[in-house]
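Listed after this line are the structures, all set down as structure tokens.
Below, subunit A partners subunit B and then partners subunit C, in two separate complexes.
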Partner chain A sequence: MPETISNHARLGAVSIEYLVRLKYVVGQSTTWSRGTEYQAIRGKILDVCQECWSKLFNEAALFRRIYQGKTLSEADILHLRTLLRTTSGTFIALHELLLFLPRESIRRELRDYCECLFRPEFKTTKISLMLTSLFAAFEYSLDEVMRFLEADVFKSKVPKRQVLPFGNVLELAIVDRSNPLAWAVLAHEFGHYLDHTSDITKRAVDQFVKKRLRGKVPESFITAWKRLCSEIVADLTGYYLLGPCSILPLVNMSLLVGCLRDLPIEYDREHGAPTTRVLMIRKLCEHDGIDAGRINPLLDTLIEEETRKAGELPQKEQQNRTTIEDFLTDFFDAVRPGILRELKARKFRQFTARDYKNAESLAQNLANGLPVGSCRSHSDDEVREKLLTPRGDDWTWARKEYHLLTEHAVGVGEVISAGWIDRIDLTADLFLRAFSEPDQEKAFSYIAKRLEEHDDLILKSIDMIPILEAQNAP
Partner chain B sequence: MLLEDRAIIERLLDKELKQRIIITPLIDPVKQIGPSSVDVRLGGNFTVPTTSRLGSIDPDKEELVKGYTSAVDIGHNEAFFLHPGEFVLASTMEYIRVPRDLACRIEGRSSWGRLGLLVHATAGFVDPGFSGNLTFELFNAGRLPIQLKPGMRMAQLCFFELKDFPNVAYDQRPESKYLNSLSAVGSRVYRDKLPTTH
Partner chain C sequence: MHYDIRLGFLAADAMSEFSKATATKKKERYANFLERSAEYFKAVRTTYGRPAEADIKTNVPSHVAEFMRAIVSTQRVPPGLNAKLEAVTSHERLVQAIRDERRQPSDDECLKIAKAIYKTSAADLA
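After this line comes the complex of A and B, so read on.
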């Protein structure tokens, strides 16, 4: 197995995983399986997925070479990119189609995950969780939706004020219902919720204007900065709670969308570009002493892909992008300390360099097929030394040392990070084995089964945490 | 030979992963480790019989067997009410791995037995090489409902050393039906009729 795999291998892994998950989700949906009225649509979706998968499996030899780390010819690369464009396009189209059909509710573990990560703010407020589109998965306030609609029907039918507010909604893509690693994106969305309810952005931009700019600033500038800042608040919240892995769902999504484009992903008016966001996370890691080497291959793939595409833009556009990037970096540096101060003032558990180190050890347990919701404070050697070294013939003293075996709950951030690290590590093995299967059904089942096992272990780990915390509580 | 506490601890800390007994999470080892056993706790996943659409169980028919039970999950601060005469499946909170040179038995705890709660109906034996969350077959033989809460110490595991490694351990048999189960899994008796795989 090669120690490092190419960007092409990572790109392939992202697109194929999305397709496999979609086919699996549609095939397993209990909401649909109850009624025969959806079977025609379900059958069609599965057929299209199958067709796409067949095209991929027809190129099993090419994929084996990719995951063996062999060098590809120009023609191979072109062929691969065409294949992945089809895969990504098919997946995205089918996923958006699911929006028009009944869908399942979130998993119970997702609520546990949110309670553990966002406490106590999550418990004390009304936040709903739902599954939705791949592109419209964001946070919003239902009260704002009502105000925005301004429809007469709402004016007359709105309940009495004392039952308001309706609360906020965090959304997740349908395909990610059972994929806990993708739930990392909710930390970003929760940042928007915090911002919504406590105006972090407003204060940060006010400070920025006050410190950096003297004289009158056009309102349009302030509005634009607020949009950018609100995304920085969300990204920082994600990082504060989950560490560098908080950015990985965005990276995966950008790689998926990137497969469809010859041009780099544009800088929009809110988020900047995915690459700038990755660079900001890297900067934060450097500042906090987090060596995120194990997730770097995925980050590098995005940066290199986007840089390659940007390099093909006309000189003037490249210059524009550099100017925007420089402004964003500067703006980020300016607003970051104030936002972090506000986050620190809340009762969150901050993800630290130590958590990341622990996540790396937990990733090894995951690789060994073990759940990772808990760990001991003492090393095996230390416990062996204290518990198994004889002190004469009498061993009754040993019971007093049993506490050394105690396991305590780890943070959700550690579980998710361990999951990402292990998932990135197993990519080559997973796809090389799958594309070595004798037929496409077996290859598909192999990927689906391994992903499901991986998800289940992480879900089980998340499931354990609140029980453990309740048991460990004084 | 039944392992005593010290031998169990040695196995919990074995340097070789394959030789190691895994019971995780071990929340309160002082209470959980007995002279020759380790207590295990109740998890939050239950599987309850749903009989309204079934006349009987044909063990050969996968759909019928699968349709006999449905999952009920409860949160860490909730309780599951097991009424007199009711039978449900639940699982250990702990993930268990039994090395290939050991076998294991799951036994009820006297404190629950005295309330009429049985933790397994027939399947108290755990094969060498098993890994996953063990399934409890809970039956309330008492006269009052019992509130079951995740994290309760429900049963105890005891370990037996085999004379030698078996030819084929549970994790090496393709027919193993409950390997790596992480929650209360309903019966897979329908798989018994499948042809033997080598």
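After this line comes the complex of A and C, so read on.
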């Protein structure tokens, strides 16, 4: 097995994983969507998924070479990129059809995840958790969804939050219902909720205009900066609560969408380009002493893909991208301290460099098939030393040392980070073995089963956290 | 963003033949590649091809011609579509010419056709 795998291998893993998940989710849905009209939709989705999967498996030899780390010819690369474009496009188009099928509610573990990560400010009566369309999943309130969809009613009248207090939603793509690593995106969306309810952006931009620009700025620019700043608040909240892995769902989605386009993803007047946002997260890691080397392969894949595409743009457009990135990072540096101060004042559990280190160790437990929602307060060596030190023939003293085996809950951020680290590590093995299976059914089942097992371990880990917290509560 | 799955599958099939042809250098593989490429280019052209002013024949009744002009003027063309159609048309001609000459395409021609397939299979931006 190669120690490092190529960007093509990473890119393939993202697209193929989404397709497999979609086919698996739809295949599982027979029990709750029995009507003939639903069967017709489900049947069509499954047929198209199957056709796409067949095309992928027909090229198993190519994929084996990719996951063995072998060099690809120009023809191989074009072939691979076309296949991945087809896979991503098929997944994205079919996912929207899931909206026509009855769907399950969110998982119980998702609520536990949100309660553990966002307390003390997560209230189920104020925020709804929903499974929805792939693109609406990246919105955070109903009025934002309406704005995104350009619904006419909201063009002229944006509801005030006092009038529409039920508008806060945290949305997740239907396909990610049981994929806890994808739930990391909700930390970003929760940041929007915080901002929406307490005007963090407004204060940050007012401060920026007052200090840096001495107040002489047209209102239209201030509005644009507020939109941009709101995304920075959300990214910072994600990072503050979950660390660098908070950006990974965006990275995956950008790689997926990127397969379909020859142009790089741009600053859209709200979100910085994904590459700029990765740059910002890397700055934060550097500042906080987090060595995120284990997740770098995925970040580097996105950076290299986008840089390659940007390099093919006309010179003028390349310059524009650089100018925008420079401004955005400068703006980010200016507003960051104030926003972080506000987050610190809110009594959230901050994700630290120590948590990331711990997540790296927990990733090893996951790789060994163990859930990671709890850990002992004392190390194995410490326990062994105390229990194995001779204290005479009366062993009743040992009972007094039982407390050494007490377990405490691990932070949910560490669990999710451990999951991401392990998932990134297992990519080559997962796909090399799958594409070495004798037929396409076995190969599909292999990927689906391993993903399900990995999801289950992380879900089980999240499940343990509130139980242990309640048990150890003073 | 719009992506046509059926066209994507045709592109993938053509690229699969391209890959096999370049790996094996066998005559029938090249023939398959040209055939699949032609199918893909034709499918793109018929999927995206829209009526243009030039398509309105001079002998149609004036009220029909007026109606057709109205249709032409209301159609919205996604950005990049004209470039996509131009690339498809020119490469379709190249494939046809090679097939008419009953010869094997050169490596350069194969690569050129494959690149055109990849490029034109990108999703349409809104």
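What we mean here is this: the second predicted complex is superposed on the first by the 434 of 474 C-alpha atoms of A that agree within 3 Å, B and C clash if a C-alpha of one lies under 4 Å from a C-alpha of the other, contacts with A are read in each partner's own complex, and residues count from 1 in each chain.
Rule of thumb we're sticking to: contacts are C-beta pairs under 8 Å (C-beta built on N, C-alpha and C of every residue); 3 or more make two chains touch, one makes a residue touch a chain.
If you're wondering where the values come from, they're calculated on a predicted model, not measured in any experiment.
Engineer: In the superposed model on subunit A, is it clash or fit for subunit B and subunit C?
Structural biologist: Verdict on subunit A: subunit B and subunit C fit.
Engineer: State whether A:58 touches subunit B only (first), subunit C only (second), both chains, or neither.
Structural biologist: second
Engineer: In the superposed arrangement, which partner chain does A:76 touch: subunit B (first), subunit C (second), both, or neither?
Structural biologist: second
Engineer: Is the number of subunit A residues in contact higher for subunit B or for subunit C?
Structural biologist: Per-residue touch count on subunit A favours B.
Engineer: Which of the two partners, first being subunit B and second being subunit C, lies in contact with A:320: first, second, both, or neither?
Structural biologist: Once the two structures are laid over each other on A, A:320 reaches no partner at all.
Engineer: Quick check on the superposed pair: does A:112 touch subunit B, subunit C, both, or neither? Answer first, second, both or neither.
Structural biologist: first
Engineer: Could you look at A:374 and tell me whether it touches subunit B, subunit C, both or neither (first, second, both, neither)?
Structural biologist: A:374: touches subunit B, not subunit C.
Engineer: Which partner does A:86 contact after superposing on A: first (subunit B), second (subunit C), both, neither?
Structural biologist: So A:86 only meets subunit C here.
Engineer: If you stack the two complexes on chain A, which partner ends up touching A:460: first (subunit B), second (subunit C), both, or neither?
Structural biologist: first
Engineer: Once the two structures are overlaid on A, work out the angle subunit B-subunit A-subunit C from the Cα centres, in steps of 10 degrees.
Structural biologist: For this superposition the angle at subunit A equals 120 degrees.
Engineer: Is A:39 contacted by the first partner subunit B, the second partner subunit C, both or neither?
Structural biologist: In the superposition, A:39 contacts neither subunit B nor subunit C.
Engineer: Compute the least Cα distance separating subunit B from subunit C in the superposition and give it as a whole number of Å.
Structural biologist: 35
Engineer: Taking the touch rule as given, give the residues of subunit A at its contact with subunit C in the complex, in rising order.
Structural biologist: Where subunit A meets subunit C, its residues are 48, 51-52, 55, 58-59, 62, 73-76, 78-79, 81-83, 85-86, 89-90, 92-94, 257, 260-263.
Engineer: Under the touch definition given earlier, write down the residues of subunit A that touch subunit B in their complex.
Structural biologist: The contact residues of subunit A facing subunit B are 108, 111-112, 368-371, 373-374, 380, 383-384, 387-388, 395, 398-399, 402-403, 405-407, 409, 453, 456-457, 459-460, 463-464, 466-472.
Engineer: Show which residues of subunit B lie in contact with subunit A when the two form their complex.
Structural biologist: Counting only subunit B, the residues touching subunit A are 5-6, 9-10, 12-13, 15, 17, 22, 24-30, 33, 43-44, 73, 75-77, 93, 95, 97, 131, 133, 150-151, 180, 182-183.
Engineer: Considering the complex alone, what residue numbers of subunit C touch subunit A?
Structural biologist: Those residues of subunit C that touch subunit A are 1, 3-5, 8-9, 11-13, 15-16, 18-19, 22-23, 110-111, 114-115, 117-119, 121-123, 125.
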